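I'd like to ask you about the structure that follows.
Chains here go by letter, A, B, C and D, matching the order in which they are written, and residues are numbered from 1 within each.
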Amino acid sequence: MARTQLMETADEAVAGIEDGSTVLVGGFGLAGMPFDLIDALIRQGAQDLTIVSNNAGNGEVGLAALLKAGRVRKVVCSFPRQADSYVFDELYLSGELELEVVPQGNLAERMRAAGAGIGAFYSPTAVGTPLAEGKESRVIEGREYLLEYPIKGDYALISAHTADRLGNLVYRKTARNFGPVMAAAATTTIAQVSSVVPTGALDPEAVVTPSIYVDRVVAVEARHYTVQGAR
Amino acid sequence: MTVEHLDRGPLTMDELAEVIARDIPEGSFVNLGIGQPTKIADHLPAELGVVLHTENGMLGMGPAARGDEVDADLTNAGKVPVTELPGASYFHHADSFAMMRGGHLDVCVLGAYQVAANGDLANWHTGRPDAIPAVGGAMDLAIGAKDVFVMMGLFGKDGSPKLVEACTYPLTGVGCVSRVYTDHGVFEVGGPAVVVRETWGIGVEELGHRLGLPLTAPEG
Amino acid sequence: MARTQLMETADEAVAGIEDGSTVLVGGFGLAGMPFDLIDALIRQGAQDLTIVSNNAGNGEVGLAALLKAGRVRKVVCSFPRQADSYVFDELYLSGELELEVVPQGNLAERMRAAGAGIGAFYSPTAVGTPLAEGKESRVIEGREYLLEYPIKGDYALISAHTADRLGNLVYRKTARNFGPVMAAAATTTIAQVSSVVPTGALDPEAVVTPSIYVDRVVAVEARHYTVQGAR
Amino acid sequence: MTVEHLDRGPLTMDELAEVIARDIPEGSFVNLGIGQPTKIADHLPAELGVVLHTENGMLGMGPAARGDEVDADLTNAGKVPVTELPGASYFHHADSFAMMRGGHLDVCVLGAYQVAANGDLANWHTGRPDAIPAVGGAMDLAIGAKDVFVMMGLFGKDGSPKLVEACTYPLTGVGCVSRVYTDHGVFEVGGPAVVVRETWGIGVEELGHRLGLPLTAPEG
């Protein structure tokens, strides 16, 4: 990884994302969702994307807008169906979208494995359920496990709270969620942040994502979205 | 012996939450699933020192946020704005699910469509062919605590039992539930027979008939 | 895990460690080494221990003293041999001590797996070397990996910088090393710290080991050891 | 063409460190192994923005600590007290080796007993039957960077080559080394033939004889 680049705009930050890329998109519901990067990705125009994210969009903003624009071939997520996931629902039910449902913890751990150079791992989650179909299983010390493979991204789009000029990141409260895991699992990680502070201004003990995992950073204005309304 | 409360009707969900809260050990680490189980938090006195985990990355979760407390960056697993208690900590999703999968939580309380006598749990998918599958953290939670409790109404809207001999809905986890808390009774599952600890508004014998399951009383 | 207990002395903190236990011992060299807990463990008297630690003791203090007292049956570590590891060297060469050498990263990851409920994982480290002997291997996407199993502890003895009264821990600089991983990998985790602060005094964003992983905490006086001299 | 410096003798280890430093890309993340490779840091100008990783849990490691800077809680992987640069970060061992194993480091520079023409590395064990095995992070480092460089004297004290057709010492990693920096020359290994980029105090032909290896010149 070369030195982290500080970009002026979200459009610059997402430049070069190729058609057919696998893009890891942070956030759990609205918390930690990189809205500005997703909007820029829609403008950027990349198509035929595989999106890995916990959910599959709400209303018509963020991931839902990307889906609606027809840019996504496949969604890998734990919980696509929500009260307001109608954009996803329609595309999926009409067969225009491929879906891989992964239990939330396996989703996180499979990306963690990708970032950590682990070839595969045995998870106890989903044993004996329909999501175990087609997976290799193995009994270890009397307990059954399923073999799970890494999920790597070509790109990760994440939202953090603050970056320093080197690209170290800290998050805020439960908006941390998938950010650190995705940053390490992608070849190119792009982070939107509320502010960029001078190098040395972050406590080295409290850095959550070291700069080595961050390729591009862009500061965006805080978004005043409605927490309840957007659920 | 089973305690039968025949002088009253079945529990309300709030009363049931209180019953479950009484069984949460002092100082334990607990995950309360989305929906009804979140009510249990209202019945845990602060001096009990129970620490709540939310799988989206926090220990020490406080009550739901109100008014100015609402912070888009601080929600529970149901995406409802919550608050932070002193001594809280935040961590990312892989660390949060490692905490769960590693068996560090003492109790997890989940809702369910069905629970089987052997402890099998079905709570993620109705099995309807046109339903969009969505699992979230259900399967991770099901295998991720020392004790997995279920909180549910004992009978569906059509009167059919939700505590069953074998689940007909797609499974979330195998043999993972230890205790089932319902409006009509509290059951221990996963053993050689279903044990009824306590009933409300119905006797054990009638309960056994309605469930079509052999029920036994606790020892001692 | 029940509520973290605050102990008055290191002796109380190590009470009850049974003969034959597997004990994970933190530290990398001197940094993060729980000297007071090890000294207390020597006084406590448990025997026939399996010790998992990065090194196998220096001079005649800490782990070396525990070895010298004849309490250890087996050492699992990455780097036993050092300039001043003569206590270990003698016991090992005389056949009184069993040794399992594990590459440092696999040692950390195997304990991480134990804490995370992972049944086993495929690591690329040590492929084609003598340390691959007896291990299952598997080719995944053209690369060879070895199957590695979790290392669980009955107890972990670690050293952190500060605890709050709930048992949350923060560390200091590179003394963090194995502490967080061992805390999660052991049934009972015992931490010595420099100070205990009121609940709420630690930044929730900067807690490294949440209290759920910590069973007993004891505050000890800072040890003024010689960095160079003890190497 | 190979650059031959025949007007001088072989490099000192300090000169060799400088040669290696010139090949470290701007802004890269680098792990310098215990021993000789740590000297390379002295030749990396701050404006190059190279960030040093130490596998005991730190990015942004500074120079060795002197006097009052010495802090028992801040050492490098060789347990030598070091300092912290602005923008540093600390992490635990599993995260540190995940960073390495995951291929996030650009360059790792290691010492070696032997390197083979195919890139095999032997640097952890002499193979003597009475030697106590101790591997540390050697095997993790060997497979843990995009480029693994070796820094070593080309010949042992007894004059025997350390760049060999096949390692006779127990391996640390298979085919993992890309470049070998020595006092007599810089070699690229792991390809169809060993490429000599530069030599000091000896010509390519004589070098080939002394190593007993076919050597080729770089293209272009």
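Keep this in mind: a contact is a pair of C-beta atoms (placed from the backbone, for glycine too) under 8 Å apart; a residue touches a chain by one contact, two chains touch by 3 or more.
In this text the structure is predicted, and so the values were computed from the model without any measurement.
A.B. asks: More C-beta contacts across B-C or across A-B?
C.D. replies: The comparison resolves to A-B.
A.B. asks: Can you give the whole-Å distance between the Cα centres of subunit B and subunit C?
C.D. replies: 35
A.B. asks: Just give me the whole-number Å value for how far the CA centre of subunit A lies from that of subunit B.
C.D. replies: Here the centre of subunit B sits 29 Å away from the centre of subunit A.
A.B. asks: Just the number, please: Cα centre separation of subunit B and subunit D in whole Å.
C.D. replies: That gives a centre separation of 55 Å.
A.B. asks: So what's the Cα centroid distance for subunit A and subunit C, whole Å?
C.D. replies: Spacing between the chain centres: roughly 33 Å.
A.B. asks: Taking each residue of subunit A in turn, which ones touch at least two of the other chains?
C.D. replies: If we look for residues of subunit A contacting two or more partner chains, we find 109, 112, 116-118, 123-124, 171-173, 204-205, 208.
A.B. asks: Show the residues in subunit B shared as contacts by 2 or more other chains, in ascending order.
C.D. replies: 84, 90-91, 98, 100-101, 144
A.B. asks: Can you work out from the touch definition every pair of chains that touches here?
C.D. replies: A-B, A-C, A-D, B-C, C-D
A.B. asks: Show which residues of subunit A lie in contact with subunit B when the two form their complex.
C.D. replies: Of all residues in subunit A, those touching subunit B are 28-32, 78-82, 89, 92-93, 99, 101-109, 111-112, 123-131, 161, 171-181, 208, 225, 227-228, 231.
A.B. asks: Residue numbers of subunit D touching subunit A in their complex, please.
C.D. replies: So the residues of subunit D touching subunit A come out as 25-29, 49, 51, 53, 59-60, 84, 86-91, 98-106, 144.
A.B. asks: Could you please specify the touching residues of subunit B with respect to subunit A in the complex?
C.D. replies: 54-58, 70-76, 79, 81, 84, 90-94, 96-98, 100-101, 120, 125, 130-140, 143-144, 170-174
A.B. asks: Note which residues of subunit C are touching subunit B in the complex, please.
C.D. replies: Going by the criterion above, the answer is residues 1-3, 112, 114-118, 164-166, 168, 184, 199-200, 202, 204-205, 207, 210-213.
A.B. asks: Could you pull out which subunit C residues touch subunit A in their complex?
C.D. replies: Touch list, subunit C to subunit A: 109, 113, 116-124, 138, 140-141, 143, 145, 149, 170-173, 203-206, 208.
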